[in-house]
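Chain lettering (A, B, C and D) follows the sequence in which the chains are written, and residue indices restart at 1 in each chain.
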Amino acid sequence: NDRLTLLAGPCAIESYDTCAEVVETLKNLTDKLDINYVFKASFDKANRSAIESERGAGMTAGLEVLQKIKDNYQVPIVTDVHESYQCEPVAKVADVLQIPAYLSRQTDLLVAAAKTGLVVNIKKAQFMAPEDIKSAVNKVAQTNEHILVTERGTMFGYHQLVVDMTSLIQMRDTGYPIIFDATHAVQIPSGYGNHSGGNRDYAFPLMRAALAIGIDGIFAEVHPNPPEAISDQDSQLYLSKIQPILENANKLFHEHLDMKAVYDNDELL
Amino acid sequence: NDRLTLLAGPCAIESYDTCAEVVETLKNLTDKLDINYVFKASFDKANRSAIESERGAGMTAGLEVLQKIKDNYQVPIVTDVHESYQCEPVAKVADVLQIPAYLSRQTDLLVAAAKTGLVVNIKKAQFMAPEDIKSAVNKVAQTNEHILVTERGTMFGYHQLVVDMTSLIQMRDTGYPIIFDATHAVQIPSGYGNHSGGNRDYAFPLMRAALAIGIDGIFAEVHPNPPEAISDQDSQLYLSKIQPILENANKLFHEHLDMKAVYDNDELL
Amino acid sequence: NDRLTLLAGPCAIESYDTCAEVVETLKNLTDKLDINYVFKASFDKANRSAIESERGAGMTAGLEVLQKIKDNYQVPIVTDVHESYQCEPVAKVADVLQIPAYLSRQTDLLVAAAKTGLVVNIKKAQFMAPEDIKSAVNKVAQTNEHILVTERGTMFGYHQLVVDMTSLIQMRDTGYPIIFDATHAVQIPSGYGNHSGGNRDYAFPLMRAALAIGIDGIFAEVHPNPPEAISDQDSQLYLSKIQPILENANKLFHEHLDMKAVYDNDELL
Amino acid sequence: NDRLTLLAGPCAIESYDTCAEVVETLKNLTDKLDINYVFKASFDKANRSAIESERGAGMTAGLEVLQKIKDNYQVPIVTDVHESYQCEPVAKVADVLQIPAYLSRQTDLLVAAAKTGLVVNIKKAQFMAPEDIKSAVNKVAQTNEHILVTERGTMFGYHQLVVDMTSLIQMRDTGYPIIFDATHAVQIPSGYGNHSGGNRDYAFPLMRAALAIGIDGIFAEVHPNPPEAISDQDSQLYLSKIQPILENANKLFHEHLDMKAVYDNDELL
């Protein structure tokens, strides 16, 4: 594909208004930049570190918000599913079902998502080697060839993620589009003991690095006021600062396409 | 507690006969050695690397086998659950519900397991720092104080686990009994590309190391013929060789109890 | 600085002719591209895995070759030192003294290199956190402010390196120019048991990623015939294929400079 | 060998009196317990994080102290060497030359140590896979078969070591005695930014775990007043608390010998 894809929105469905504020800005911006845009928000934060942390709208209320966003802004929707039974009801609203990284080996969930016929976005687990994503992909591909594969970092010691940029190259062997999740990649897992921290400042540089390697799309959590978000306060990007990030990301995406057109692989390596 | 606990049995419920062969030997042996014995087998291998790999008996048939083992051998049963809906039916047969390591952050599953009132054995995820097990424990402890915590190794690079023995000490801060899973700790995740390998020879030495640190129980997969098992062929222990392992493990368990009785912590460190 | 710097040449000083062949091509190319070029070759491979492996020319013969290259091609020279006593004699020929990554905590070596007054290129150890490079830098900066800092990957499990691209940002806090070593970053340490392997194909993509993050220079080993080299056969780049790599790298370097000129950091993050 | 070996003493040679205080206690204790005792202290802390940190007595003054300890207490001496030129003068006093972990791939240092004919204790680098110690051992074994191999932990992410207890088994394949360094294994590398921290409380449990796996000796830094030591304040053991540690360690050492005598390996695994 010769257009950049963007999966972006607030981490959790906090309210219709927050979602609408984000989608309005991102829809306008991506229209101008010729970027494929998919709105992202989660109805449930199903694996919060702490039982006390807010989990968001829940499935029923969350899907209502997503349907309203879809109707009012004409954008496709991506949201994550956590247990098999959720795939069918969520598929009535969403266009892309996302498999959370920790769950990317759960056969039943992958198969149930595949059976909806929607696009399935598989996040590579933080405990998975790049080549192991093939096994996860195979579980979906038996019934459904609409697959995205997302890199979001790998455990490196305790409370630390690292992005192995070569994984983007290795994952390309699956033959499916590769997405780089720039805001989860900068999380500090359980960095505050009972909730995760993050290094928001590294999201844009890592996004640039991934685009320089060559990817098909970017995943990013974007919020009008990240410090007040109910989750991922330290890693979501500010909606007010997203424009230059997307402009530059789009430019690098096309620089990589151009490079590939000029040189073939053998010549370079 | 002043008796060692053993959670052991074949990885998967392959047949009633395999289960019976294992439980018969282990029941006799643990009776003689004054070890608390809980029979373990899984009705579903829900996160196999490859979609083609066998998953075992399934929930309905599997629970029937477990019930028959329980009736015929008078042993408590531990088995794992993978999605919330399984907790209630499984609780009708099992005495201990086990949360698989990859799922140990899934709030719904932990809460559903807790609500059965059974003992819940939480395996610490391969991506989790030792102190983070507290957050998982808290999700269960809100409704159910019958908790076991199990160490089974931590990701160390790709396709490699390492057992951080200090995690056993840190996990003790939860106040709940600590189990060491000696056979999953020696797995080589996705070591064969589409299925996991293992170093069976390291299971007993690591078990000894954990007992020397101080644990309450051992988890081990034991099979009459590991190379022919449908899963974990390289890590399950041979049933025919289990006796000296358990004898020696029990001895080390009591050596540690004796040491603690003689010296208090302050004196030693 | 507004020009890209390149430290490049064969891994070891195998002969004057090999060195001359490499320097001739790289000098011409970097002149055309307005890249600062420094010729690199090692007189001793002092930490080969195996005692049987070739170590190269040795200090006396090696320095003679380097002097001849310098005289004939008018290029500055970088080479590495392994024990303190080598700094003085090597400084008579070299323009940049390089501290090998494994030795980057050895105070005596850093201080001896600093005292020569030459530029000191400190490679960040594979066992060092990004912020720890500051302590190494301080050991040199007490007597000598001419410092380069080089990233070459970090241990990630056994026999595996990973490049944490955020380290390039963190190392920038030292205030000194940051170099990315693209060919050592793709090594597989002791990957063949008694010698190291490598993934040559990842060197250019990682170089691009580092340039997208923002660096001042590139380090790369380049050889007329890598499979016949006495060391790093799997990671050195082919001299015959270096032109498009350098052209593209230079372009990305200037793209990053331009981006920084347009947007300031606050706006982007 | 059927006796436990202990390499122990203060981290640095701070003064003759500190050394004498430690050796007096340890000599008496190990005599009573039938433990082989070697006094350990370093004349130079050659790889301190910070240039400002104290490095100890220096080679000349340090060797004088070591000689006096040797004369007055009739104990063999182990101390570390950092550059090749030190091996010969140090060998005039020491009985065992120790290769620091970071330097365990430096061929010249290993060969120079080997040539003295003394016992060479090679510490496995924090960046080295267990099987890679064979290459280091080979560099010494070409001229000198008196070798000890020491495990002291492996890098696990940033600022974190982990002890892979299976390394003790793998290193045994070298055929040389295996030592476990219990106090460096609990270091937190650069944990305070410009100096290392440590978890002293984990040294004894890890020592027990290593003895349960099976080792030939223990390395431990012991100081009359660790918080006032010039180095490794958080990891050195209190001299006043060493007796029960050594008694218990010796007991576990013999328990392991007894176990091996009863069962052979095939029976157990």
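What we mean here is this: contacts are C-beta pairs under 8 Å (C-beta built on N, C-alpha and C of every residue); 3 or more make two chains touch, one makes a residue touch a chain.
These figures come from a predicted structure and were not determined experimentally.
Of all chains, D has its CA centroid at the greatest distance from the CA centroid of chain A. Over half of the residue numbers at the interface between copies chain B and chain C are found on both sides, making the touching surfaces mostly the same.
Centre-to-centre spacing of chain B and chain D amounts to 35 Å, using the average Cα coordinate of each chain. Remark: chain B and chain C have CA centroids separated by 48 Å (rounded to whole angstrom).
Centre-to-centre separation of chain A and chain B, using mean CA positions: 34 Å. Each of the following residues of chain C touches two or more other chains: 154, 156, 158.
Residues of chain B touching chain C in their complex: 156-158, 160. For chain D in complex with chain B, the touching residues are 154, 156, 162-166, 169, 186, 199-206, 208-214, 241, 244-245, 248, 251-252, 255, 259, 262-263, 267-269. Interface residues of chain B facing chain A in the complex, by the touch rule stated above, are 46-51, 55, 82-85, 102-103, 105-108, 111, 125-132, 135, 138-139, 142, 154-155, 158-159, 189-190, 193-194.
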